[in-house]
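The two complexes that follow have chain A in common; it is paired with chain B in the first and with chain C in the second.
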Partner chain A sequence: MSDTRAKYQKVAYYPGCALEGTAHSYNRSTQAVGKALGLDLVEVKNWNCCGAMEVKNIDPKLQTYLSSRVMSIAASEMKMDVVMAPCNGCYHNLKKAEYDLAHDPDSAEVVDRLSKKAGHATYAAGQVETIHALDWIKHGIGEDGLRKRLRGSLKGLKVANYYGCMYTRPRHIFPEKDQGPGSESTSKPHYMDDLLAVAGADNVEFPLKTACCGGAHTLSDSDTSTRLVLNLLRAAEASGAEVIATECPTCHSGLEMHQVRAEKKFGQATRVKIVYFTQLLGLALGLSPKQVGVHENISDSIGFFKEKGIA
Partner chain B sequence: MPIHEVSLIRPENLHTQEQLVVDGVDVSGHWSTFIESRAVTDYNEALEEEIAALPGGEYVHRCWQCGSCTNSCTVNAINPDFNPRYWIYLIRMGMESELLRDKDIIWQCVSCNKCTYACPRDVVPEGVMKALSHWMELKGHVKKSPSMVFDEVFSEQVFARGKIEEGRVMQRFFKRTGQDLNQPWLIEMVKRMLRHLPVTMLAKLGLATFVAPSTRDWSRARAAIEEYVHEQEHKRRRALGLDGLIEAATRDAGPAAGEGARS
Partner chain C sequence: MRPLAEIEQRIESLAAQAAPGGDELAAELLALGEEVLEHWVAAKGLEPTCETREGFRLLALHRQGCTNEPSFNACRETCRELVYHYNLVTLDPQHPETAWRLRMMTLVANHLYLFVAGKMQVRGLGDFCCASRPLRQDAVPDSA
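Entry: the complex of A and B
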């Protein structure tokens, strides 16, 4: 077993606010997939919000502090080496905090001051490694490990893999990406494609993998978001996809919400289904749609999966 | 400027006659184009420093106007008037009145970070857009954008409890921006959301809107954050020369202290 694989067998799990609310099905499916693969998740104790897309607009260093508190608990109180965040927003913010604390003395000073006042250990860069659910499965179990555990298949399912903004941009906060063969690419990410391909999915050539869904303004500038989402949904359909696989609660709920909004407000209906990649992996691992929370999605795909013989 | 997707020439100052003969020479169409002259007298020489004093704007001075930000911009693709390169140019030139012509769209940056990814000079254009939106609001040129209201509603909950609950954020945002929750697409969305949910899950969701999720022992963190927010607000207003009281106080204190030293 490689060092990375050994390290990812048991990780601190940071679900974040969205996974306790609208993205409950992502939480459910991530945990169910972990269990099916024999990977251990230990939830970060008494965690707080990472700052999402909003706190940085009040003050970027506060976002750094909020994210650092989560890593501080994982490192100092739980003695964990790895924090896994399935939410792109949380993952991005923890990575950004890690970068800023290592490179910007002002950020480190503010974080130290706030941590002392709040009464917990100051997080120091390098204490933990933050990874995404994709890294966790890709390196914790690997493609061969996943193949061995399959109980079903996504055979014949045409999938557009959608990664969104926060998983790859900006490049400098993800030093482990773009490191040649085997590493993730920031311009053309492929970890989700790789895993779903093992599960039997027929990945379509989707040119908008890392395009923006307008998630930051999903409610404050809804018409812009609807336009961006509609563009994504149409592009997925034009690529021949039946399903868009997501890895971010903001993208996922944005796609679902604006699919309905485009239909109801602008008469622009699209049929492509929206599901979390962990839900698709779960189905291929022999879990039922309910076990991976397909019934909790707004985009109704239970009937579709049954028809396809996947569920 | 290396790229010319927009220039300082205002479209209304460009004059072209479709049919025109001058001294027997036909100068119809483009041949007759002339630009009405105008004088710019209201440069704000401190503009670049003001933007740099706001979070996100720190690196605006690095820009060499390659246009990669505008070229990669998500919002520019749907609205050509949304132009980060041009706005950064105006900031550095101190052309405040030109910037104000776009004051109502600058807040629409979706923070996709494509510009920051593409920028060869590490200007962090996404940060500059946020600093510029803040500047517009602090200077009183625009009222709070819906995006800023959302950021505030959201952050208030995080600062108060450590966590947010999405339903609550949404309700407060709609209330504060005077929007009706009773919109057909929203109702349809909730209907579809509830379609397959078991009763226990519904009860849990309903409960969350009454009992807000929170981080335990958050009070000290909350106090530290609030103190910091206050301190930063003060600092920013001061950098933009907005704190009249502080200025007056320092001005008054100056000569008095001097006199004290002399006597």
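Entry: the complex of A and C
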């Protein structure tokens, strides 16, 4: 077993706030898939907000501190080497904090001051490795390991894999990406494609994999978000996809909600289903739709999966 | 420069056409993408470049539009997909998938238009997430 694979067998799990709310199905399916694959998740104790978008936009150093606290608890209190964050926003923010602490002495000073004030150990860059759920499965179990554990198949299911923006941008906070064969690409990400292909999915060519969904402006400028989402949905359907797989709670809820809004506001109906990649993997691993939280998504796709013979 | 509304109408009318001509449509969609970026560059007070990058003005305009504006990278791959589809269509116009490729190219061009037009209204579009830059950079308070 490689060092990376061994390290990913048991990781600190940072679900973040979205996975306790609108993305509960992502939380449920991530944990269920981990269990089915024999990978251990230990939830970060007393975790806090990563600073998400709201704090970051007012005071980026405060966001760096908030994310560093999560990593500090994992490293100093839980003695873990790896933090796994399935939410693209959390993953992005922890990676950004890691970068800031390694390259910006001002950020390190603020984090040290606030950590002392809060009474916990100051996180130092490099104490833990932050990974995404895609890294966790891709390197923790691998394609061959996944193949051995399949109990079903996604055969015949046409999937457009949509990664969104925060998984790959800005490039400089993801030094492990773009490192040649086997590593993730920031311009053409493929980990989700790789895993779902092993599970039997027929991945379609989708040219808007990392395009903006307008997620951050869904409340302040809903029409722009709806138009961007509608274009993504139309592109997925034109690609032949029946399902869009996501690994981002912001994208997922945006796509689902604006799919409904596009029909109501612009009379543009689309039929493509939007699900988390962990839900698809779970179904291929023999879990039921309920075990992976398909019933918790906005659109009802249980009937669709039954028709396809997947559930 | 045509107004953005006219560009939008043109993209919509192209999207509604069934399997229109190959080379010409690909060239028009690429030019529409350039026009969209010209609007963004001009709105920043710059003269839109006539240079090319990797053989394409679209990519040079995108690079110009990113200056001091990292969130504009959110449409970098969309620009590159537009170029990729242009190459696919023009290098092999008789390919059986040409009509489908043009359909996808139209949707990619539309996404570029929607993103840039959205940013022209709400400059912060894309600032929240992928650029990792605060919206109120000029007024960042001291941390507690």
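Please note the rule applied: the second predicted complex is superposed on the first by the 311 of 311 C-alpha atoms of A that agree within 3 Å, B and C clash if a C-alpha of one lies under 4 Å from a C-alpha of the other, contacts with A are read in each partner's own complex, and residues count from 1 in each chain.
The rule is simple: a residue touches a chain if its C-beta (ideal position, glycine included) is under 8 Å from a C-beta of that chain, and two chains touch if they have at least 3 such contacts.
Predicted model, so just to flag it, every value in this text is computed and none were measured.
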Clash or fit, chain B versus chain C on superposed chain A: clash
First (chain B), second (chain C), both or neither touched by A:Gly156: neither
First (chain B), second (chain C), both or neither touched by A:Ile58: both
Greater chain A contact set [chain C / chain B]: B
Partner chain in contact with A:Asn46 - chain B first, chain C second, else both or neither: first
Touched partner set for A:Gly38, first chain B, second chain C, both or neither: neither
First, second, both or neither for A:Asp221, with chain B first and chain C second: both
Contacts of A:Gly119 with chain B and chain C, given as first, second, both or neither: first
First (chain B), second (chain C), both or neither touched by A:Gly309: neither
First, second, both or neither for A:Arg169, with chain B first and chain C second: both
Touched partner set for A:Lys264, first chain B, second chain C, both or neither: first
Colliding region between chain C and chain B, picked from 113-121, 149-157, 203-211 or 239-247 after the shared-chain fit: 113-121
On chain A, positions contacted by chain B and by chain C: 53, 56-62, 65, 110, 113-114, 117, 165-166, 168-170, 211-212, 214-217, 220-221, 224, 227-228
Touching residues on chain A, where the partner in the complex is chain B: 17-18, 20-22, 24, 46-49, 51-62, 65-66, 69, 110, 113-114, 117-119, 165-166, 168-171, 186, 211-212, 214-217, 219-221, 224, 227-228, 256-257, 260-261, 263-265, 295-296, 298-300, 302
Chain A partner contacts - residues on chain C that touch it in the complex: 70, 73-78, 80-81, 84-85, 100, 103-104, 107-108, 110-111, 114-115, 117-118, 121-122, 124-136, 140-141, 143-144
Residues of chain B touching chain A in the complex: 55-56, 74-75, 78, 108, 110-114, 116-117, 124, 127, 130, 145-152, 154-155, 158, 162-167, 170, 173-174, 177, 184-185, 188-189, 192-193, 195-198, 201, 208, 213, 215-218, 220-221, 223-225, 227-229, 232
Residues on chain A engaged by chain C in the complex (per definition of touch): 53, 56-62, 65, 89, 92, 96, 110, 113-114, 117, 165-166, 168-170, 173, 187-188, 205, 207-212, 214-217, 220-221, 224, 227-228, 231-232, 234-235, 238-239, 250
